[in-house]
Amino acid sequence: MAGLPAIDAPRGAYRERAIVPARTALLNVDMQNGEFNAQILARARMPGTPEAPKRAFYERIDSVVIPNQARLQEAARTAGIEVIFTVLESLTQDGRDRSLDHKISGLNFPKGCWEAKVIEAVGPRGDEIVIPKTASGIFNATNIEYVLRNLGVEFLVIYGVVTDQCVESAIRDAADRGFLVTQIEDCCAAETPENHIASIESMNGHYCRTRSTDAMIAEIERLLKQRLS
Amino acid sequence: MAGLPAIDAPRGAYRERAIVPARTALLNVDMQNGEFNAQILARARMPGTPEAPKRAFYERIDSVVIPNQARLQEAARTAGIEVIFTVLESLTQDGRDRSLDHKISGLNFPKGCWEAKVIEAVGPRGDEIVIPKTASGIFNATNIEYVLRNLGVEFLVIYGVVTDQCVESAIRDAADRGFLVTQIEDCCAAETPENHIASIESMNGHYCRTRSTDAMIAEIERLLKQRLS
Amino acid sequence: MAGLPAIDAPRGAYRERAIVPARTALLNVDMQNGEFNAQILARARMPGTPEAPKRAFYERIDSVVIPNQARLQEAARTAGIEVIFTVLESLTQDGRDRSLDHKISGLNFPKGCWEAKVIEAVGPRGDEIVIPKTASGIFNATNIEYVLRNLGVEFLVIYGVVTDQCVESAIRDAADRGFLVTQIEDCCAAETPENHIASIESMNGHYCRTRSTDAMIAEIERLLKQRLS
Amino acid sequence: MAGLPAIDAPRGAYRERAIVPARTALLNVDMQNGEFNAQILARARMPGTPEAPKRAFYERIDSVVIPNQARLQEAARTAGIEVIFTVLESLTQDGRDRSLDHKISGLNFPKGCWEAKVIEAVGPRGDEIVIPKTASGIFNATNIEYVLRNLGVEFLVIYGVVTDQCVESAIRDAADRGFLVTQIEDCCAAETPENHIASIESMNGHYCRTRSTDAMIAEIERLLKQRLS
């Protein structure tokens, strides 16, 4: 651990430190069929549809977020880093186990439905973990802290949709609970670019450090090379 | 609510009150194939097997616990009472997400395996909830408190195996968290009759009230009749 | 409860409903001497001090936030509504019990110090509850959910400083955990007006309803009058 | 860490391993004036008083438990091991914040009262942590898990009163949450010797390892000597 900044080093330097792969997990948030699929994208490209006003959001998921997540997760797997997924999914068909907030919002993904599955291009491989949730913040709605402790995880790399809601809640709660969080800016998207940027800026340096996909992959590959040499 | 004892009435009278069915859930603990099945029972009946010393335990599950649970759950369903199940089951095949304690104990029921399924005779019907866990106490290892709050549950009827471990931990933690708990004595079993009785007595009047299956079914049927009349 | 919207009524109508005073608590966040006092304000008014760039923030606390909180809390007490306070305060002098995040940020209010006391003008009266915390989100860092359940609270009215950090985390986590949250816009302040407005807008209609102090007091007085008539 | 048993070594060997002092805390449970004091002991020694039937319990606290706790804690402090206390104590005078269970049981130690203070002979020294609670299990009723994570604690040495209630709940919940627990048998007492022994036996080898005060002090002194040599 030579060269690590002290915990209370100036300007949050300790929060900016590199991950330790064996104690790191990626957390992919809400990248599920019900939030994005080919039909939604097609409708968003058609003027006058309900999805049309959010076209930029869906285009970003399609052309930026999904390819970046796929690349990042592949690099993580090569380095032996855990990849964890969360999706909106009830324990029941009728959704009576959902949070009050999701009942109010009319959100229900019945257990086992296609809409609750992680998008194939970025989905779990092999024995990776998927944790269903029924509220915005995964730390409030699930036992993820317990699972992360069991896995020995101390560093969390968080990304997905939408930046200023489920992703931001995960970052805030993870930081409070003692995890060192990295947010991957270009693996996230929000319904408007303004919301995306405002959330990224309010998290960076307060609740997490912020990295691009390229920078994070470079960090993982550098650490892997160090370990192997 | 006329006639209810005050919260601080003498001798814990408030804890002895009848349930309110619409705000009640049954919690069936660890009644899964890996804990009991026809082969285990057959081996326990064969002198000299590793299971033979626990024959009384398995006979009680077979002839007392399973029939009682089936009757109780049927009465509950008729009255519209939620029936919830928990089982030992990992989120992974290799069990790396298990509690340290279950790693030490060498306990792993890989996700999806037959041994992690609830015993058919007492298993979930229709849209009932099953919550997997990887430690003794369900409140420590899962998000059950969150789920119960979402369901509007205030009364928990708890039973299963084994009396002095996973069942007792569930009762202790539920009581601390504000649920009014009823333990069903003859829907539980422990590895020895002494352990079973000691645990039942230490819970009764401290962390819960204790009822027989017959008494609980009578209470449910009486309340159902009241509501319908 | 006649006239209440259904839980899944359109446009989150159920979230916009009025509180039920007997099941409501106000939650005052981080309004402590260490965050604001006469000296800080005096320095902020002096050009060239470290506090000068945040003068608008401190002026708002002085002239808007404190008077509004005092009025709101007085109305709440008259109606028998619980008023709860949280402050940044360690359990120790050296702060070793703080969250990793507050160690990184160099934040430590030793147990019992003046800086950890609620500002006198808005502080606890009589037997009101103060909950110390050592991270941003009170639901992550304390047992407040347990306390609120014990108090029978279902509605939370949240306000304080700073809008986009500790206040916002409290709102997000409260909503996920089933509380119906009202944010009081003009009882909050952030380091910049932009951060304040962005946070208020991102919460409103998603994690809470938003009200002015005047509107909330009017609601409380109307409900009190109904009850007394 | 050479010589450590594997996590899944036979017969729970990993649970029997020695502590690592820098990652260990002692947890002293409910040793407060309201549970034991000179007057209670005097009354217990007087035939016919309500306390008389529990005389053996109070004599054990006086002559065994308190001296052992004092010795153990002194050894721990010398080795730099954290000593943490929990007591029954409300956040309010009227106890409205207590758990439902303690309301039912009529238990209320108002905030700040003498009865809620740790018994002087075993009480906190210097900057040690005291965590108030209002239910049986400290993990259910407080933020102790959060505090322990912040302190870097992985090993918990648990003892106090009463063996089969608050102490046992702490052990069960600590084990489930990934702490390696040691119970100190002769730093505990229950209302009857039978309850004490039954609880000790049901914990040992399942949720914790069990040690005498002498053995634990010897282990601490041996580890200290190793470190210093």
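By written order: A, B, C and D. Residues from 1 in each chain.
Rule of thumb we're sticking to: a residue touches a chain if its C-beta (ideal position, glycine included) is under 8 Å from a C-beta of that chain, and two chains touch if they have at least 3 such contacts.
Since the structure is predicted, the reported quantities are computational estimates derived from the model, not experimental observations.
Following the contact convention of this document, A, B is the list of chains adjacent to both chain C and chain D.
Pairs A-D and B-D differ in how many C-beta pairs touch across them, and the larger number is found at B-D. A centroid comparison over C-alpha atoms places C as the chain most distant from chain B.
In this assembly, the C-alpha centroid of chain A lies 40 Å from the C-alpha centroid of chain D.
Distance from the chain B centre to the chain D centre is 28 Å, each centre being the mean of its Cα atoms.
Annotation for chain B: residues 99-100, 140-141, 146, 150, 177-178 touch two or more other chains. Under the stated contact rule, the graph of chain-to-chain touches is complete, every pair of chains being in contact. Residues of chain A that touch chain C in their complex: 7-8, 12, 14-15, 99-101, 103-106, 135-137, 139-141, 164-165, 168-169, 172-173, 175-178, 180, 195, 198-199, 202, 206-207. Chain A contributes residues 146, 149-150, 177-178 to its touches with chain D in the complex.
Those residues of chain C that touch chain D in the complex are listed here as 91-94, 96-100, 127, 129-131, 134, 140-143, 146-147, 150-151.
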